[in-house]
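Multiple structures are listed underneath, in structure tokens.
Next come two complexes built around subunit A: one with subunit B, the other with subunit C.
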Partner chain A sequence: MALRGNVYRILEDIVGPQNISEEPVILDTYAFQWLAETISGTKFCTRPEAVLLPGNVEEVQAIIKACNRYGIRYKAFSTGWGPWNTVEGEGVLQLDLRRMNRILEIDEKNMYAVVEPYVIGSQLQVEAMRKGLNCHLIGAGANTSILASATSMAGYGLTGIFTGYSNCNVLAVEWVLPDGEVLRLGSLGSGAGWFGGDGPGPSLRGVMRGMIGALGGLGVFTKCGVKLYPWYGPPTTPIEGIHPLDGMPIPESFRVHSLTFPSWEALADAVYRIGEAEIGYVMGRALPPGLIPALNVGSATEYAQMLQLVSTEGMMDEFKYAIQIFLGANSARELEYQERALEEILSESGGKIILMLEEQSVKNILFRHLIKSEGISRVFQLAGTFATSLGAGTSWDAAVASSKFGEQLKRKYIERGAIADDGGDLAWGGAYQHGRFGHLEEIIMYDFQDADSLKGADEYVEESAQATIEKSLGQPISIVRGMAEHFGPTSCDYHIWMRRIKKAFDPNITADPSFYIEPEQPPGK
Partner chain B sequence: MSEKEELVVIVGDVNVSDTPEVLESYSRDESFVRQMKPQFVARPQNADEVQEMVKWANRTGTPLIPVSSGQPHFRGDTVPSLGGVVVDLSRMKRIIRINRRNRVAMVEPGVTFAELQSELKEEGLRLPMPLCPRSSKSVIGSCLERESTIIPKYQWDISDPLLCTEVVFGTGDLFRTGEAAGPGSLEDQWASGQAQTNPMGPFQVDFFRLIQGAQGTMGIITWATVKCELLPRLQKPFMVASQRLEDLLDFTYRLLWARLGDELLILNNYNLAAILAEDPDDIKALRDTLPPWVLIVCVAGYERLPQERVEYQEKDVMDTAQRFGVEPVTAIQGVQGSNVLEALSTVSAEPYWKLRYKGGCHDIFFLTTLEKTPEFTTCMYQMAATAGHPSTDIGIYLQPQIQGRACHCEFNLSCDPGNPKEVEKVRHLFFNASKELMEMGGFFSRPYGPWAEMAYSRDGQSAMALRKVKGIFDPNNVMNPGKLCF
Partner chain C sequence: MTLQDYRNDIQRCSRCSLCKWLPLAQIKSWRFANACPSMVWGNFHAYSAGGRMIAALSLLDGRIDYTDKLVEIVYQCQMGGACDVSCKVNRDLDPLEVMLELRAKCVEDGQVLPAHMVMIESLRSDDNVLGELKAERGKWAEDLDVKDITKEKADVLYFAGCRYSFDQDLWKIARDTIALLKMAGVDVGISGKEEACCGGRAFEIGYRGEFTKYAEHSIETWNAADVRTVVTSCSDCYGAFKFHYPRIGKKMNFEVLHITEYLDRLIKEGRLKPTKKVPLQVTYHDPCHLGRLSEPYIPWEGVERKVLGQVVIKDPPKEYRRGTNGIYEPPRDVLRSIQGLELVEMERIKEYAWCCGAGGGVMEAYPEFAQWTADERIEEAKATGAEALVTACPWCERSFRDALEHNGAKIKLYDIVELLLEAL
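On to the complex of A and B.
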């Protein structure tokens, strides 16, 4: 179904002829997505009706008003990664925000930046580091949109112990509501600047997002303020070596270590103590055991051989209960304090430094990859793709409990041959805000071109989600369609309130509700 | 049954009051908000009773005004706008759980700072404190008001230290926010290691943000979890005196960037004197000896290497001070830093410090950024001069927030409530200065009383969006009607 001629012309008038397309070859580039197979059985989600590239808030607003007038649905897309960025159903417009790619401001003193939707993590990080600042980068990589993570998606990242979580980093926001009205959250709405996102009165950030965002179901965000954090390294960070073994010299103000513990319980104790001691710039399970053999291999076959080798030699034992920690400090004195505190924590927890990862070149690689958040490619490399599960934002003890369960469940699917054999433990995650909460998500790798593997992966994700209900393991990170209907009845019927929000803010249901909530309760629910 | 009899059925005979003295005491506060008596004051004891009251209010169309802190009140938010029933939550006093490992406490709304502090101390914990709260102040009340706290580095989000809540919405539905929502009961969650430390969600909505800052217009909280911090083993407070506010700012910014110091705030001489001195004469005398501005920064050591932590932080603070040309000292004009810290670490002695000088006080506060505070301060002084209010009687409190991204700027206008002429003068100053400071870019994020109309007239879209939210959670407008934009 093509857009009616007059509608196409109206939209074309808004963005200009060079910024609208109905060409299938263009449209399919949006539909081609990670995890699409879990929705459609192919690598393609639904093809949008047309794609528009608005250049500013006025154009976004005009498009949304037109959508409301003509009853057309739309969904925003910035660096889009995953099916929740794509459209659902026939006749839906994709709004590609890539032309809105400016860092509008870096307020050095008050430590925040104002960005447009297509500013990616590495772009902001480079500019921030020049001013002694850094930004929170999510595990999905430095190539993802800062604004999307802050306003619309989740926000886990391994610097979280120092740089928090995306939800808590968002300040004022410019938001085109589903009805086309522009809402400016917090201080911005009162003409006071970008430093705050809350008020006057109750904070409408509460409508904007929760632990995860509305995933395009509540309009389009066109600018936002985000917190920046101190950076104790140099203003520029030279890269050495060839990817994926490229490294970054470790500044004098940092220390890089991988730590191992005798048990999950000892590891958990150490994480709590690290949080209390307020040490660490990076802290988390960046190299779970299942990832170790992947570090320097090029294929699934090599991975399997390496896994066998390292398992046989007992090397994996070192990584079973391991975390990475970077100490970063404002002064030599502080760094010394942090090192002493870490020594003491290791001693109390029975932990030790993993010596095989103390080699300088290895540490340089780790430093680059974790400061720049560049590890995600590994989990695509081996079986073709990956999915994630569990991973509630919760206390570290609960995160560990969830991780233990995830490993146990995965083994069943590994033994069935449905998902890649990674040894069972690919629990990735960290702690946030000096350890106030944490998360460990259990990753699986599978072959999306193999029907049995895809089926197994789907079943695993579903079974793990069900287990979070039955075992009270928190609210999982795995995003599926119908999530609200599934988890709502287990969580104070929150889906009923969400549906009311959707109807109140989007009376014509023009913002694609597929990964938020459908306006009417599905039959039988 | 009469309305009173219905309320008696819900909360019991002794917990419903309509005596003139009681109704009078809830009909006004220290603010300039118009006086109005409630019909009744009811004191529920648990969530069931609260829920029944809200359902009753919906059936009868009766406004409910939730009150958690004891008197005196200052903001007008607990004064009925349209009559109704005051829901006094002071009987809900349980400290339900303190979890040392996850540094979190779960409390009911009637629990005051003083009550929780002593319990936390036994567990080696403390609360992030507002500036010397009055002894009757509810912990949850303070959290719901997004009141600033004096340790900015622990405030990752402006919503801190509030975490999960249990709330009865205006519809009468009971709900739990954040990870407390589920899956599973609280007991199930505790069994799997959860401790209600994550306020976000459930899932795609941050319900708690819609209740916080709402002045009781969305629902009634029946418990909440709050972030606690470790109790320091060692503390070393410093003060930096300055004749000019501007001269303290770059140093403060650097401390925030380097995460140096815990308590970090700026007071003018009047406020520092009002917090420390016991009576009006002493306040006046101390104020006149103190420098105009004092920055307070306290370094602390906790369970892990406390001495070493204090030592490195002290040296780093001193190095930073030297770089910015300021001098941290442990005493100023006979005022010891340790005494200041002691005052800041607990609730106010009686009488409440803001009332100590003249018996009355009217606060103007808003958010801005630290570097803009001198402009606001100059404006306030000019307006006071025009109004004939002595600038020496204005208290000023500047509190960096959200780890330094914003700054709470507060002016305290003392006045004698027994002197109608003075009250009238301060009333004019309060209104005119509020308007002017808002015009200058002060963000009145917590718009109490007359500020609500001023704030929402500048931000109509927020008002419209909030009315949609109100329509969802309190469609019959029974929760504290007449407040904010409702």
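On to the complex of A and C.
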């Protein structure tokens, strides 16, 4: 079904002929996605009807108003990585926001930045670092949109102990509502600039994004402010060495360690203590045992060789209850305090520094990976793709409990041969905001081109999601359609509120609800 | 390997878009964070390496058929390979190889561009891709006192390539090169009008038959003539010799050097002594074909095998080209040997360099896109504060000259050879 001629022309008039396409080759590149096989059985989800590249808020607004007028659905994305970015059903427009790519402001004094949707984490980070500041980067990678993570999606990264996470870093927002009106949230709503997410001005952060975000189902976010944090390193960050052994020299103002503990409980307690002491710039399970071999290898083949080597030599045991921590400070005395506090925490919890990761070149690699948030995409490299589940997304204790369960569950699928044998423990995440929030998602790697592996992965995600309800393990990070329907009844019926929000804000249901919430309760539910 | 052979790899693309950017840790600013000219120019995802891999999969699966837009997407790319370097930071994929195979399939299926047909017709009739007469090929060296290697032996064969042979604006650089070699006492010869295209551009635009013909011709001719060393000033030709020639499996009994490697060697051996000061602050543009695309081809034949349950490995292990073994230091060392000259670096250098715009048949088929790409590089050069942009490839030189003429940017442009000659 092609767009009716007059509708195409109307949209073309809005964005210009070079910024709209109905070409099948272009549409297919928007239907192809990571995890698409779990939805459609192929690498392709639904083709959008057309793709538009709006260049500013006025164009976005005009497109949405046209969609409301002609009864056309749309979904916008920023960097567009993940199946939730795809459209569902016939006749849906995809808005690719990549032409809206400016950093509008970095307010050094008040420590915030204002960005458009297609500014990626790395871009904002390097510009902020020039001014002695840093931004929160999510673990998925600094190739993702800062705005999307802040307004529309879950967003956790390992500087979270210091920088919080994306949900909490969003300040004022410019939001084109599903009916085409522009709403300015927070301080922007009272003409006071971008510094505040909750006022002076309308505070609708919970409505706008809730916990996970509306995943494109509630209009289009065209600008937002995000918090920035101190950066204690140099304004530019040179990289030394040849890939994959390239590292970032560690500035004097930082210390980098990997820590190991005698048990999950000792690890959990130590992390709370670290939070209470308000130390740490990066902290979390960046290198769960299954990822240790991936730190400095260049291919899946080398990973397999390294994993076999370290497993044989019993080295993995040292990483079973391990975390990475970077201490960072703006003075020698502050750094000394942090070091002494860490020593005391280790002493009281029975923890110790992992000596084999104290080698300077290894620490430099780790520093690059975590400060720049560029390493986690290795999980695609080994088996072809990955899926993730569990996570808790509440307290650190819940995250640890979820991780312990995840390892047990994974073991079953590893023994079945359905997923990669990474040793069983690939629980990635950390405790954020000085320990007030915790998340440890259990990653599996699998070969989607192998029917048994794909089936096993699907079952793992399903079983782990079900277990989160039965075992009270918090909300899983696996993004599946119908998630709100599934988990709402166990969590204050939040799905009912989401549905009401959807109907109130989007009376014509033009914003594609497929990964947010269907406006009507499905039959039989 | 054919496009079909890459099918598994293609499906493993996660649409992460890392191919659009410099490797994340290498990004130094918002302004110069992009790696892929095609993506910035075309904007739709299809113009990225990942997008082209998806297009290839759609084509293989019969989801799409050839259209003018598909052909444009396939060819509106300089094939500079920055995407390939970025992708391989964490992935075992070969997006550049997929794009090369996609072009070969297009040609096989008759999906070609008129501008490229002109190049190929010229190649077939006159052994060059510039639409010039073969008889004119040696004119750049007329009245130069240099051996004709078709008549007498020489230690070194200087291979000018199509661009230096026919682009009169650039003849001076080729002639300066001969002068430098003679100053160093090198026994150098040329093939004059008997020289033929290296075939590299034919390979890049998908014409495998023509490429094989010219690669075989070069190798057989030089092996038969007992040539020991081939030196070229053309980075495109150099890239073809290193990256593409090994694909045809013919043994090359000669060493191939880019002029910057050879001059660097001559300086370090004391055979060239740059003593005159050249007070100039310059920035150096790494040509794609001298940098990441000159990394030697690594043949691999094998199968995929599963270990550790579902970890997919290549058996035998496959070595990946990541751009790190390109020619980066020799040109810089030549510049550093010149007294008074100061080298300042751009943000995107070595294997992460932004393209000049000329490659992959883009200059011929999409001149506006080529010029925009060059404009972007000139902006980056200007941002260093350097007085001059220096390069080591006639295609880059041509592209920058055209852009400077058009955009009026105030920055000087040199080939390394010109600066070295000034310093002697």
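Everything below uses one rule, namely that the second predicted complex is superposed on the first by the 511 of 525 C-alpha atoms of A that agree within 3 Å, B and C clash if a C-alpha of one lies under 4 Å from a C-alpha of the other, contacts with A are read in each partner's own complex, and residues count from 1 in each chain.
Definition applied: a residue touches a chain if its C-beta (ideal position, glycine included) is under 8 Å from a C-beta of that chain, and two chains touch if they have at least 3 such contacts.
As the structure is a prediction and not an experimental result, all values here were calculated from the model.
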Mind checking the superposed model to see whether subunit B and subunit C fit together on subunit A or clash? fit
A:D96 contacts which: subunit B (first), subunit C (second), both, neither? second
Just checking: does A:V400 make contact with subunit B only, subunit C only, both, or neither of them? Give me first, second, both or neither. first
Rounding in steps of 10 degrees, give the angle subunit B-subunit A-subunit C taken between C-alpha centres. 140
For A:Y303, select first, second, both or neither according to whether it touches subunit B, subunit C, the two together, or no partner. second
Of subunit B and subunit C, which one touches more of subunit A's residues? B
For A:G199 in the superposed arrangement: first (subunit B), second (subunit C), both or neither? first
Considering only touches as defined above, state whether A:Q381 meets subunit B (first), subunit C (second), both or neither. second
Looking at A:V182 after the superposition, I want to know if it touches subunit B, subunit C, both of them or none. Which is it: first, second, both, neither? first
Which partner does A:K471 contact after superposing on A: first (subunit B), second (subunit C), both, neither? first
Using the superposition on chain A described above, determine whether A:T236 touches subunit B (first), subunit C (second), both, or neither. second
Please work out how little space separates the C-alpha atoms of subunit B and subunit C at their nearest point after superposition, in whole Å. 23
Within their complex, subunit C touches subunit A through residues 8, 11-18, 21, 23-30, 33, 43-46, 50-51, 54-55, 57-58, 63-65, 67, 69-70, 73, 89-92, 306-314, 317-318, 320, 322, 324
Of subunit B, residues touching subunit A in the complex: 101-103, 146, 156-159, 174-176, 179, 181-185, 188-189, 191-195, 197-198, 200-215, 217-218, 227, 230, 253, 256-260, 302-305, 308-309, 311-313, 315-316, 319, 367-371, 402-406, 438, 441-447, 451-452, 455-456, 458-459, 461-462, 464-466, 468-469, 471-473, 484-485
Show which residues of subunit A lie in contact with subunit B when the two form their complex. 107, 109-112, 132, 164-165, 167-168, 171, 177, 181-187, 189-193, 195-215, 217, 227, 230, 272-273, 276-278, 330-331, 333-334, 336-337, 340-341, 344-345, 392-395, 397-402, 433, 436-437, 468-475, 483-484, 487, 490-492, 494, 497-498, 500-501, 504-505, 516-517
For the complex, which residues does subunit A have touching subunit C? 18-19, 21, 23-26, 28-30, 32-34, 43-44, 51, 53, 79-81, 96, 98-99, 103, 119-124, 126-127, 141-143, 236-237, 239, 242-244, 246, 248, 298-304, 307-308, 368, 372-375, 377-378, 380-385, 414, 417-422, 445-450, 453
